[in-house]
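Shared between the two complexes below is chain A, which pairs with chain B and chain C, respectively.
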Partner chain A sequence: MADQSGSSGQMGAGASAGGFWARLQQIPRYYIYLLLAAVVIWQILFPIPFPVTPSATTRGLEEAIRAVPEGKLVLISADWDSSTQAETGPQTAAVVEACFRHRKRFVLMTLSPPMGAKLANNIASEIAKQYRATYGVDWANWGYKYGTSNVLMAMVKDVPKTVGSDFYGKPVKSLPIMRGVRTVKDIGLVVEVTGLAGMTEMWIGLIQGPQGVPFAAAYTAVMAPGYYPYLDSGQIEGMLVGAKGAAEMESLIARPGLGMAIMSAQSWAHVLIILFIIVGNLGYVLARGREKSG
Partner chain B sequence: MLTSWLGPQQATTPLVYHILLALLASGVLLYLLHRYLGPRGRRGLIVVATFLFGLFFGLEYFLPVRTKTLWPTGLPNVGGSAGNLLTPGIEPMSNILAVIGAFTVGLGVYSLVQVHGRNVLRRRAGWYNSFAFFLSFFAMFSFGLWQYSLHLPEPIPPTLTLTQRIANDGYEILFQGLYAPLQAATFSLLAFYIASAAYRAFRIRSAEAALMMVAAFIVMLGQVPIGAWLTRGIPNEGAIALLRLENLGEWVMRSLNSPAQRGIALGVAIGALAMSLRVWLSLERGTFFAEQK
Partner chain C sequence: MTGTEIAILWAAAIATLSVYSILYRENPVSRLFEHIFVGLAAGYLLVATWTQNLQAKWWAPMVVEGRWYWVFAPVIGLLFYFIYSRRLSWMARLAMGVFFGTAAGVYFREFFPLYSPQVWASFKPLRPIFDAAAPPVSVSLAWWNAVIQNWLFVAVLLTVMSYFFFSVAHEGRGGRALGRSALLGRWFLMIAFGAMFGNTVMARLSLFIGRVQFLLYDWVGHYWPWLAGRGT
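Showing the complex of A and B:
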């Protein structure tokens, strides 16, 4: 039967005996939801900022962007949609900012899901205005390209032919930024921003490994642990982990943005969850002690 | 109309004719297959096609590079990626896959319309949800296509005609104002469930559970700036720097998590290889029409 009481739904040691310690293990979930929402809203409205220290993984990505040779493009593969936008949005913005900051020309592309092409375009357009960058010259959006691995395989041979038209339906060959871009080897760095598992394996298997194109990535915090082995092996040059990675990049390029803003809320949300876990365990241990003693 | 959808550069007359001709030929072919092939014939066709496509991509990947090509290609040998005798076929094969993929989108739409159409017509329980599907589907479809067909320049100029304004604003409201926030809100609910689940599930019932909890605390605090702030008193140089929460979190991720992930990745890859072989050879139970009599 479904739990209608709104309680935790799981009785720990001593819970059946009732009492204060047992109740600590059964805080109704509504209180947890309310407290979490309150903490997040509080920190969005009145943030308590903490200093952000860039990690080695973020430094790796920033250095990889800086190392892109003159005349080569940075390809930002925005493979995300609004479900992960809280993390991938600030990450994309941070990578775009880093490109503008280091005067690297970049192109956006989306392999999956299609929504990423539009969302990433909105972000890049806004930032481009601040840098007075021109679409088609300093940056471009290749749009959503259907076929994932087939697109990557075809790009090895002929990028303009594979891409065809950009986000606005304009042939990419007509864009000045595409001058000198023939194959995937004319791309100096691929930055994969994604919340989807499996995309990195394709990029590494078809582009980074066989073609030697440097590869870096930005992942949602939940999927990043799975990609540390690629970082250790040097197949990934650098990595942004969740919103924290975006905040670290913003700190590195001295352009505080959404990533930094999220950090306060996320910090206190993590503390709240840890407190809940401690409270639940306190109740569990003490109730078990009472059961044993009497 | 096709010219405005495809863009002025792409919608050349031969391309339009090719698309129409291909659609017609596909329709006729599908009708003939449906009409004259029984379940056994259809299954056989799919098994053979799967095997041939799998064989092609497998051989192309494993055959040694720089041998003679099977057929001539106009493409230059760019970037030293000559490939092998099957490599020139990758592009047409990929195009075929892309076209088939596009058809599956159409199939998905057809299926949705069929299911929700029945719900609305028969006034089944919750029919209004199905009606909402039609409403949102056609609204997004119409405004999306309309806005795209205008090929507005970037950045959007401030002076748009009334038609352009309606098309652009309508699309922006539906996409940016409704669809994106709805999807984000649905996903963000997970944070609340995770908080509640962590509170309920994390109990120190054994030494392993305690170890897991300690690791979780370290990573959770190491992933946010408050962790670094809490241990800011510890010097960030020398061996003692490892005790700073951000460094400890990074150590857990790289020294403990990474080897475990590597092992999992190897296991998954071997499993995927075995599974792929079974699907390629149509040995997998329930493949295609196996359950059809």
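Showing the complex of A and C:
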């Protein structure tokens, strides 16, 4: 967007003509950043929220969690780390809340990157306290499992043997939640929370498709558009898109949390960006018009 | 908060501000913290791989349970390092060959279940018929909705595919028709890219908001409780 000199973008056709409209295309980028930061800080401190309406994709995920049969587990694959935490953290929290809310037992697992196991564990432990849920009975964390596709293929045959020990180093066989869990077919729903491309392809190609295990996902907003075709084909039951998806899930289960907290700042920052786009384009078109006319 | 926790809080705040200092201009402080972040991630990967995988699945079976043959596992892994020897680099290729072969096999296995449902799903009924046993609440509205969506889907699919069809020159009667279809396909692609870019902006803003929340609620809020209270 901006060069090192501080002006925002190239000067465009009309810049040489000078004038007010041409200057609109040369606003120093620092002003844009500062204005954006000011709007975000204002909305974090004094939020004026926009209404959050759950989308069909979020409803799909909530219904998929609801539909998990008694006796089967929800597997939340927390494949994210601190670099996407602002989006994937609230998403994980919203999915965990939904599981507790609908009384579905769940397990966390991380295939990549390893930090996800710890960060998701922190979130689940905090929420578990509110629901007085017991680790090992109502939920568990299988931890970080190295080997991605090899792990999934091994889980098809024997889950406890593949997982081995949990996040705390305890053999998963000793956890009450694992009673009756032998193969991947004993999992009622996989929810992939990630900012990494490629994870969904593995889950669908190795587990959802061949084994028929329902699959849903929560993606960072950057990568979500690429996965709409999977929704259309029914390979993905439901999807959370960015922090907005987390806020929608929170509104569905009536538990405002981290997602909602982001949304007012997010919405007002978008308003500002839309204004920038309008002003920039207006400047470009009018400056070009002036240049052509004289 | 303990002294260690406060030190961690300050380290996180300084790291955040240092990384964002690149918004002003390229500078060594920002670079330093960028490298620290990459180093920390690599270190964390090493420790997590040991504590949560190798210790339980390799070290314990070998040392505690006496399954001595696990000692050969790292030997195979170490073959990779023969890449640095011109004379013995063929040994590294053995290990790489196994990895490439496995990856290719897994990919072949994934491919059909991954893409075939999308091919089937692209055959949309242009005149939809609802399930008589469970009709939608408003049949006519739902029908028109499905009709519009399906026609639009097919139009976008065909025009975008025609954009990537390079075997026929856009000349002559048929060629010009293909050219117009490709042009329309390009417009559809631009609309899709625009939507993707919008999502990218949303994602980047979320990351920024997350950091500002940390700075205000946790860091400054630790010394100014009113701010911390805004975040609860």
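In this section, the second predicted complex is superposed on the first by the 289 of 294 C-alpha atoms of A that agree within 3 Å, B and C clash if a C-alpha of one lies under 4 Å from a C-alpha of the other, contacts with A are read in each partner's own complex, and residues count from 1 in each chain.
Just so it is clear, a residue touches a chain if its C-beta (ideal position, glycine included) is under 8 Å from a C-beta of that chain, and two chains touch if they have at least 3 such contacts.
For clarity, every value in this text was computed on a predicted model and none was experimentally measured.
*Asks:* So if we stack both complexes on chain A, do chain B and chain C clash, or do they fit?
*Replies:* After superposition on chain A, which the two structures share, chain B runs into chain C.
*Asks:* Which partner does A:Gly257 contact after superposing on A: first (chain B), second (chain C), both, neither?
*Replies:* neither
*Asks:* Please indicate which partner A:His270 is in contact with in the superposed arrangement: first for chain B, second for chain C, both, or neither.
*Replies:* both
*Asks:* Touch check for A:Val241: first (chain B), second (chain C), both, or neither?
*Replies:* After superposition on chain A, A:Val241 lies in contact with both partners, chain B and chain C.
*Asks:* After lining up the shared chain so the two structures overlap, which partner does A:Val52 touch, if you call chain B first and chain C second: first, second, both or neither?
*Replies:* First partner only.
*Asks:* On the A-aligned overlay, A:Gly280 touches which partner chain: chain B = first, chain C = second, or both, or neither?
*Replies:* In the superposition, A:Gly280 contacts chain B only.
*Asks:* Among the partners chain B and chain C, which is in contact with a greater number of residues of chain A?
*Replies:* Of chain B and chain C, the partner in contact with more residues of chain A is B.
*Asks:* After superposition on the shared chain, which partner residues are touched by A:Pro160: those of chain B (first), chain C (second), both, or neither?
*Replies:* Neither chain B nor chain C is touched by A:Pro160.
*Asks:* Would you sort A:Gly60 into first (chain B), second (chain C), both or neither based on which partner it touches?
*Replies:* Touch status of A:Gly60: no partner.
*Asks:* Clash-wise, after the superposition, say which stretch of chain B runs into chain C: 37-45, 73-81 or 199-207.
*Replies:* 37-45
*Asks:* Would you please give the residues of chain A that touch chain B in one complex and also touch chain C in the other complex?
*Replies:* The overlap between the chain B and chain C interfaces on chain A comprises residues 29, 33, 36-37, 81, 83-86, 115, 146-147, 150, 153, 164-165, 167, 169, 210, 221, 225-226, 229, 232, 241-242, 244, 266, 269-270, 273.
*Asks:* Would you mind writing out the residues of chain A in touch with chain C in their complex?
*Replies:* Interface residues on the chain A side: 4, 29-30, 33, 36-37, 40-41, 44-45, 81, 83-87, 89, 113-115, 117, 143-147, 149-150, 153, 164-165, 167, 169, 201-202, 204-206, 208-210, 220-222, 224-226, 229-230, 232-235, 241-244, 261-262, 265-266, 269-270, 273.
*Asks:* Help me check something: in the complex, which residues belonging to chain C touch chain A?
*Replies:* Touching chain A: residues 23-26, 41, 44-45, 48-49, 51-53, 55-57, 102, 106, 109-114, 117-118, 120-121, 192, 195-196, 199-213, 216-217, 227, 230-231 of chain C.
*Asks:* Sort out for me which residues of chain A touch chain B in the complex.
*Replies:* 8-10, 12, 27, 29, 32-33, 36-37, 50-53, 55-56, 81-86, 115, 118-119, 122, 125, 129, 135, 146-147, 150-151, 153-154, 156-158, 164-165, 167-171, 174, 182-185, 210-211, 221, 225-229, 231-232, 241-242, 244, 247, 263, 266-274, 276-277, 279-281, 284-285
*Asks:* Once bound in the complex, which stretches of chain B touch chain A?
*Replies:* 6-7, 9-10, 75, 78-79, 81, 90-91, 94, 97-98, 101-102, 148, 151-155, 175-176, 179-181, 183-184, 186-188, 191-192, 194-196, 198-204, 213, 217, 220-221, 223-229, 246, 250, 253-254, 257-259, 261-262, 264-265
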